[in-house]
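Two complexes are shown next, each including chain A; its partner changes from chain B in the first to chain C in the second.
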Partner chain A sequence: MSAPPLTKFARSPRRSGESQDRRTELVLGVLACGVLALVAGMVIFVFAKAWPSFSHNGLKWFGPGGDVGAQLQAIFNSPADPANYVYLLRAWPLIYATILVTASSVALALAFAVLSAIFIVEFAPNRLRRILEPTVRLLAAVPSVIYGLIGVLVLVPLVGNHLITRAQKESVIFVVQLTGNSLLVAVIVLTIMITPIMIAIIVDALRSVPNGWKEGAAALGVNRWRVMWTIVVRSARPAIIAAAVLATARALGEAIMLAMVAGSVAFSPNPLDGPTFFLEPIQPLASTIVINAEGLTVVPFGQTLYAFAAVLLVSAAGLSLCGYAAKQPLKRYGIRA
Partner chain B sequence: MDRIGLGLCWAAGIALCLIAAAIVGFMLFKGLQFLRPDLLVTSPVASQDQSKSGGFLDPMVGTLILTTIGTAVAVPLGVATAIWLSEYARPFWLARAVESGVDIIAGTPSIVLAIFGLIIFQQSFFGFLSFTAEGGAVFGRSFLTAGLMMSLIALPLIVAATREALQSIPGHVREASYALGKSKSATIRRVLIPAARPAIGTGAALGMGRIAGDTAIVVILLGATALQAEGSTPLFGTLRGTGSTLTSYVYNNSPAGEGNAPEKAYAAAFVLLLIVIFLNFSIDTIAGRRKMEAAWKG
Partner chain C sequence: MEGMMPPPIRRIVVDEPATVVAAPAATSQTNGSTPSHSSPVSVTAPRRRAASLAGGIERMATHDLSILYGDKAAVKNVSLPVRQGEVLALIGPSGCGKTTLLRSLNRLVELTATASRQGRITLDGQDIDALEVTQLRRRVSMVFQQPNPFPMSVFDNVAYALREQARKRPRKSELGPAVADALQRAGLYDEVAADLAHPALRLSGGQQQRLCIARSLAAGPEVLLLDEPCSALDPGSTEIIEDLIVRLREEVAVVIVTHNLQQAYRIADHVGFMYLGELVEYGPAEQIFGSPQEQRTQEYVSGAFG
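This part shows the complex of A and B:
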């Protein structure tokens, strides 16, 4: 008559262990899916909010035409009646500025980072290496606002007062004012900012190349530099690409620092201007959002800013896809990066 | 040809040293030059006269609050995600999706996270996190909302560090625990998490550095104002209120912001740099201890 409770009692330890296991899996799984739901929510919300700006302009949204600054101003001042909202925007100067500053600083940083990483891994004297490695990690952790501060207080006046000649200022006076807030400073500061991130990844990748490969090449009489360049750097190429992708993502999303040094004038520098090209101000997408953050409450203006955010979001997602694809060949060699 | 390459390598290495030394030295010089003790203990006051505009006590408190909230949310969520990804990961497609979701968060610019936070926290459902205006419009800006978004910045770092650690624990350690009759959840709690703790610490410290150094979220979701409590409850009121952090203080006092007080910006940037350096050193200490603890790596 006491059979059912006994059975239950006898089986309870195992069953509680199992059900606890199932519960743990469920809780952990739900939390993990929460992260996924958050990403989905982010994409949906940002795009829903940005839609009016895209739908009113069509594909011309991405194209050139007119003065972006004036267009943004018009959107900001658009009448309160939803039927009369102004949406006209040709965002090309902002996109162009983003691409320009990101591509040039990533290219510069890539060359610099690969050489520095080779130096750290192979050629640096032991004492220097012991200083260099923590320094690189420290530089990678320095907040971007500090780089921005140094840029705006040191480099901008330097360029503005000494590098830009009066003739250059006068040559473009009717189009734009040259103050030192320029493409040049933006690229320099951004390069310094993203190089340490790349160096850290590339150093790890170069280290994880099997020693036997290096020794094999050295045994064939190849010198150290050639071993590094032809064997080690080549087999770590996917990791170098992954590092470049990560750095591109950082550069793309850098808002505050670029808002400080790049000049906040929606202007697209013209390569035909010769050296003046590098001294002209720019305004990338991310810093446009920061600078105009007060305008988020104005409905059409906010929607336009969300459209910028949507473009950034899509590019960032595309980049992380590229990064994932770039890492695949590494797994084949069994190198983890 | 080889010599040119070698020379370039040396040049790059030495340039790196010089740039690092220049940045750190410059910040040290400017920081010591402008940092006065009274800046650390007074609150900012709006004033034209820079000698009367006060120090940056509020921003320092703000950085502390925000880092605490962000880490407190990110660590449990990140560790749970990492454990699920490396120990369960069923069904497979879901695990892949979560993995790429974390990747996407890692790649998303913080400015996008900031304005995304503004949309969701302005829903009336989240009204309790910030203050609600007369007409029922939710402001959406507060320490709580900014802290929650900040946790997303730290999350990928914590997930990556924890996963790495869990994957480096050999399978026989888990099997030994199962052989002693421990369930999977007990193994996770008693064996895997203690073994991964140093890595979780490293990830959390990295994340704290990122949170302390982020500006975009502060400018948009915290309002970058002085500490302004909402409501009468003392602690919760502050958390629901707006404020500023060291990063937004630096930004606002630089020539790009309204304040234009470079001395104070330098001083605040110096304090911020010290915080980041301190966090970095704590990572080194944690990492050093890990080497001793991991006995099975032998």
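This part shows the complex of A and C:
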């Protein structure tokens, strides 16, 4: 007597329980490692390309000194002989512009987003909420170039023709030309651009705060605004930090829109100028890369642009770390961070 | 009323393990008090208090109070006094409106969008609608079924109401004595005094619930509402909290909702039995458990349904 034939399932090892898991593990592992390797490769590539620019300037690369625009022009026009490549660069105005525009718009957007989210979660009438929420999510998905277009077609002429006075133009005439392309417009448009995504994240976070905490506070005779502020916003802080980090990353990397509205003049606005400070043009790092992308074929110029990219990469990584570090002390009291 | 048929009663086998919860109390000392009334068979627990403080002044009262969720009435025409210096227990099967009635006393029920109210509630003779809702809730505070300490330190939890009530933010040193006092009254101070910065959410369930009571007491309420405060707790914590409630009734009027008949018998001075939104019977605990006037009360306290 021969043994009975194996069942259908036993004969198809491809689908049998454990071996399939092993295959899944392998495939997913390879995919994950592949992604990591790609990112690591990209970082190494950018830094390798950027290295000559950093090594020629040393730490002074990050410092102030001279006109960045003229320096970039000189690098672009450097002789074809590798021995005579020009690398001199003092990138402070670009870094300063990046910090200035990012920090101001993230701070503004954070305030707007937290207050709007509180309104949507707690105070908005139901009908209004049903309109507001999808609208916010839609706005979060609008491509930045559209914001840039509106900025350059509407806000820039508005500021240039009506807000900037003749006296203000004359006061800085020997330093920079005030056209309306300005820090002010850049911050306004960037704030409008990053606020929706922050609202969306913070609304979800506020809503996930346990109802028991809200009721517990309300039962102590605390009004709705104070309940939201002292209990709900307080316990949603990790998510608010996460939203701020995400928005900051987007603001840091924003290139096209800022190139359109910020003026593309590598200038450091001087706070001592008073109100004129906000009307002076700027040029952040990411915009600098976009504006000058056609010069990549000139070797030292390309290396300089890679150096900008490297700085942006490191700041983005540093930003994530800062966000992580900021959440840690909140874990102590049992807030899910 | 006599001619009306009582509503259909859902007869189920009484869940005996639920009665077992009373066991630790039965083993605890009774402070020399003995039940003066013959209690029904199912309620064997000793009373925790020496005697009812008779003739307490009436602090709150409901007058023909009805609460509706949409069209559905959860509480129907309930008139009930809440007296200073006594524990009022609301008993009744699930879904009979006990919690809704309790939540209406400090207008927390209004947080539910569909809820509406008919009838009057008074606090010291004054209609509670005439009070600002935050003022009302400061005077009539509530402790919930699930312990809900805020995600802060023990100190900050108790100081929360004090800080919110203060006109300008008080310093920590100014709050210290008041916080210690509230913790002491809630019987938690000795356990947490060593580390008031301890995260409240890392306390045990019973400690969390006592912290919630301390948090309410710190606000200086005149009436304390307790919504099944022991249902999520172990017997040991339950016993501590029951002792606490009996002590507290001297300072504040206490209303407690409970599913646990033994608990109601142990701690309550007056008991209201609710069924399907109606207040079927209200009276001294001895009467409700010893010689109930209504048939439905008799059946409920003897465990015929639940």
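In the analysis below, the second predicted complex is superposed on the first by the 301 of 337 C-alpha atoms of A that agree within 3 Å, B and C clash if a C-alpha of one lies under 4 Å from a C-alpha of the other, contacts with A are read in each partner's own complex, and residues count from 1 in each chain.
One rule holds in what follows: a residue touches a chain if its C-beta (ideal position, glycine included) is under 8 Å from a C-beta of that chain, and two chains touch if they have at least 3 such contacts.
For clarity, every value in this text was computed on a predicted model and none was experimentally measured.
A.B. asks: Let's test your reading of the overlay: on chain A, do chain B and chain C clash or fit side by side?
C.D. replies: In the superposition, chain B and chain C stay clear of each other.
A.B. asks: With the two structures laid over each other on chain A, which partner does A:Ala325 touch: chain B (first), chain C (second), both, or neither?
C.D. replies: neither
A.B. asks: Does the superposition put A:Ala218 against chain B (first), chain C (second), both, or neither?
C.D. replies: A:Ala218 sits against chain C, while chain B stays out of touch.
A.B. asks: After lining up the shared chain so the two structures overlap, which partner does A:Leu128 touch, if you call chain B first and chain C second: first, second, both or neither?
C.D. replies: first
A.B. asks: Scan A:Leu158 for contacts with chain B and chain C and give back first, second, both or neither.
C.D. replies: The answer is neither, since A:Leu158 touches no partner chain.
A.B. asks: Which touches a greater number of chain A residues, chain B or chain C?
C.D. replies: B
A.B. asks: Please indicate which partner A:Ala70 is in contact with in the superposed arrangement: first for chain B, second for chain C, both, or neither.
C.D. replies: It touches nothing on chain B or chain C.
A.B. asks: Go through the superposed model and pick first if A:Val145 touches only chain B, second if only chain C, both, or neither.
C.D. replies: The first partner, chain B, only.
A.B. asks: Which holds for A:Ala103: it touches chain B only (first), chain C only (second), both, or neither?
C.D. replies: neither
A.B. asks: When the two structures are overlaid on chain A, which partner does A:Arg226 contact: first (chain B), second (chain C), both, or neither?
C.D. replies: A:Arg226 contacts both chain B and chain C.
A.B. asks: For A:Ser235 in the superposed arrangement: first (chain B), second (chain C), both or neither?
C.D. replies: Only chain C; A:Ser235 stays clear of chain B.
A.B. asks: Report, in whole Å, the shortest distance between any C-alpha atom of chain B and any C-alpha atom of chain C after the two complexes are superposed.
C.D. replies: Checking C-alpha atoms only, chain B sits 10 Å from chain C at its nearest point.
A.B. asks: For chain A, which residues lie in the overlap of the chain B contacts and the chain C contacts?
C.D. replies: 223, 226
A.B. asks: Would you pull the chain A residues touching chain C in the complex into a rising list?
C.D. replies: Touch residues, chain A against chain C: 126, 210, 212-213, 215-223, 226, 230-231, 234-235, 332-335.
A.B. asks: Taking the touch rule as given, give the residues of chain A at its contact with chain B in the complex, in rising order.
C.D. replies: Residue list for chain A touching chain B: 17-18, 20-21, 23-25, 27-29, 31-36, 38-42, 45-46, 49, 112, 115-116, 118-120, 122-124, 128, 131-132, 134-139, 141-146, 148-150, 152-154, 156, 192, 195, 199, 223, 225-226, 229, 246, 249, 252-256, 259-261, 264, 286, 289-290, 293, 296, 305-306, 309, 312-313, 316-317, 319-321, 323-324.
A.B. asks: Would you mind writing out the residues of chain C in touch with chain A in their complex?
C.D. replies: 106, 108, 111, 113, 134-139, 141-142, 144, 146, 148-153, 160-161, 164-165, 199-202, 212, 215-216, 219
A.B. asks: If you look only at chain B, which of its residues touch chain A in the complex?
C.D. replies: Residues 2, 5-6, 8-13, 15-17, 19-20, 23-24, 26-27, 76-77, 80-81, 83-85, 88, 90, 94, 97-98, 100-113, 115-116, 118-120, 152, 155, 183-186, 188, 206, 209-210, 212-216, 219-220, 247, 250-251, 254-256, 262, 265-266, 269, 272-273, 276-277, 279-280, 283-284.
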